[in-house]
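Order of writing sets the labels: A, B, C, D, E and F. Residues in every chain begin at 1.
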């Protein structure tokens, strides 16, 4: 149990939440073993919670297939790299854990968070993160030439939408976490760091 | 009719959209007289569209009452100021129009978009926009002292959540519009500029 | 009549100004229908006023011909784009109006002010504005290669002097307007927005 | 004689210039012993030259008296500090020399150019330069509170206009020198560095 | 064993190094269980290695006492915070491990690396890191007022030298690691994360 | 003699320093004619002094030969350019003097300090300074492609280490000088400016 506040704003108790929200949170808890604090901190506003979670799932819970080539691990790389640039503690720590799990790589999250240019990634992943950082930090400069360069790396237009939309969604998410002073659960820090996790 | 593309990505036709999305768009159209391009451009991804629109409405379609003191016009000011900083053409032009209408002021949107510090606004609105810009541009620095200063200006904590969440939501929205090269409808440019609009 | 102050400094009355300045201002007034506030605000310093106005006219009141290929509308584009980057409310609003009139295009000024990269302009105009922004924001980096690239776009060296000098002149002008809190006349906001202006 | 080009653009010969310009340049030459390159480089455009020089003189050739308290040396400090920030080689070298002469101080120009915060200046001069740098680098933030703070340091409003206008004029001048690759005369480098100059 | 290169430059073998360097490295190895890559990567230049290591030790291996109040853990906090700002993967990962060990806190390093303003630190440590970041990112602004503020927090002048010198030393160190593409040993990532390390 | 303080911290007297430090300082003094203030200001911490001086000498006192092609004057160019960017008064003034002496060029130091892109240097020296500035200001972006470009200019890998290490060492040195408010000796300002120095 963590005695430190997880948000600058009031945090509802699980039992007081609308049924649909509570059920979703309990499903996460039974799978992960704990309730990630983002679910409780944002539940202060149920309507916003529902929009946030369904937007998140539409972008992150998607497997490659058809025009989509990004893996779930690659989606998490985008989150970790852009959240590092935005100095979002919650997102780097929580999604860093998810990235380690999805990539089955205990080193990758810290590498990507500090300087993705030095991370153990493929040239295609490097191009993906360069584009995600452009969207995160100077989206007003995105131009046709950027799209052409990325298509030449084998990204479909659906992939490019995904990369941009994930960077954009976490531009929002990082700001919400920074303003609410959202605290990462202690559990995230170690998750995925030890080979045989189980 | 506008011959220029409104998005870098495929734009669905209204008739091909899921019924719930089509109905919502038709409701906007019958009220406004045209379909704002954001509704069509984002409909390329129906699940994301639904989350985007319901998130937007939860933050923007809210009247003062109880702990909430922000007016709808003030919410639009936040959008215009932060979208100007992010160089988002769609959001400045479209929400500039809405701001003119909501504030019944034909000058306010251009003033806020270029330099809100010189706009015809109250000191309280100035403090609101200073905070919104901090969230938009350097949310990692938001601290207790910022909250205390804003409460001293008469903002409730619910107001502060609203200001921050609107700035955060449009951090996402600006990036989506910039990446998709979303084109503002020609109609927005003149809307609200002439006193007796009717 | 506008009750809000148009400058942080004393503003002379038209009748108290030296004859040459008064005559010039009356000529503008009879043509435009009102006295743009910049003429009154800067008249606090007559010697500087004369230098400012004659410098402005030497750069802006010039038609294409010979080695000069820039149109008057293109000169105004440079003003609007760089003034947007410098967050100069007076210059964006006033020269935005002039740009709409000169280009006979009610949309162009807002597009250029917010993000010229997304404006309805030609590739040559895009190159012109890229160079103007380089002069406005990081002139210390201008190099031979920049000149060669622009000549390849069909710009003469006289054009390049003009682009740079306009960006430089408004670097000054934007700072004067920002420091004096120069207020744009209300009339500018609507000018050139309605097709049959007359 | 200096064989290196003094401008990227054509440089007229003294004998080919309009009489008023030639006479003014010869007057400077007879006083200084050489023709500062700015006079020749800008003479490529006589009308702009006249406006530039008369604007410069209106701001820089002014002695304290009445509401004006800035000395000529202090005016040059503003030029050197802001030109250093804009990385303008011509202006730092040429006006550095003038500053040394006017202040009768061989060290002051290098100190102010590199980091005015560490220069041998008075607290009032420090406040003057802080304001000049704000005008040079972020004039959109200038506010009432800045003016009040400076008045408390004993600056009149006429002084504040002067400080701001000098910083603004050299914002233009630095950009012109950077774009034309204006070369400082070799003579400037040593001027004012040796005690008994005479 | 790690097959990835640890430096962009040639890396000497331990047996080929001068005796004093080899002995020092073996001492670290026998204490830590592995040779941190910085010792091998920098040994490409023995004279620089010796200066680097002795400078490092003079600043980092110092216990509180007399005028010195900084703990070794606090010194490592400075390294981790400034190295995060400089995006130095080696320094964040390696010194993050040392910070966890010295502070006996498995969470602190990730918190400080991403956004020290949200870390579980005391107000005095916050002031220490604010100053260290000022030295790392804009040392030209350090002024008397900064020193007075820090002394009021209980820092001695010796402490302030230490904070500044550590931030300055790692300004160098981060750049060396970034340029050489120095790779952190895999061992560092997990070090100090599990309570009963032993 | 200079009555102004040369450091914000206590400055030891020469006679009170450890013998090795005193001897080294006296050797400099007998060669140069005065004691550069950096030797006294840093001697507040003898162990750090020794590391600093030996690091400095390993990087700066090196003549071309073998894989090393950088001259001593070129090493000083790196110091002056990066110290200008870091606004370090001591380093620009002191190493500016050394650069003038080593390059036997009275103009070069001021040119490089203000804007090295406009200095009288060779294309190879320009490439050297571009790389040094990248290391000084954004070392996290240094990549393979940068190394390849520089090798194509004829730099050996040992040269590239030297350029980077000098920029890194003075990243430290500039910060130490800025924080201690280290004052350049008056003698430096004129050194090397007059042809027959002797």
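Quick note on the criterion: a residue touches a chain if its C-beta (ideal position, glycine included) is under 8 Å from a C-beta of that chain, and two chains touch if they have at least 3 such contacts.
Just so we're clear, the structure is a prediction, and the values are computed from it rather than from any experiment.
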Going by the touch criterion stated earlier, list every chain that contacts subunit A and also contacts subunit D. B, C, E, F
Most remote chain relative to subunit C, going by C-alpha centroids? E
Shared numbers divided by all numbers used: is that above or below half for subunit A and subunit E, i.e. same or different? same
Between subunit B and subunit E, the Cα-mean centres are separated in Å by 45
Express in whole angstrom the distance between the two chain centres, defined as the mean CA positions of subunit C and subunit E. 52
Among the residues of subunit D, which ones contact at least 2 other chains? 87-88, 115, 140, 178, 181
For this structure, give each pair of chains that are touching. A-B, A-C, A-E, A-F, B-C, B-D, B-E, C-D, C-F, D-E, D-F, E-F
Sort out for me which residues of subunit F touch subunit C in the complex. 115, 117
Contacting residues of subunit E [partner subunit F, same complex]: 8-9, 44-45, 47-48, 50-52, 54-55, 58-59, 86-88, 135-136, 139-140, 142, 144, 147, 157, 161, 164-165, 167-169, 171-176, 178-181
Complex contacts: residues of subunit F adjacent to subunit A: 140-141, 143
Which residues of subunit B touch subunit C in the complex? 4, 84, 87-89, 92-93, 96, 106-107, 110-111, 113-115, 118-120, 178, 181, 183, 186, 189-190, 193-194
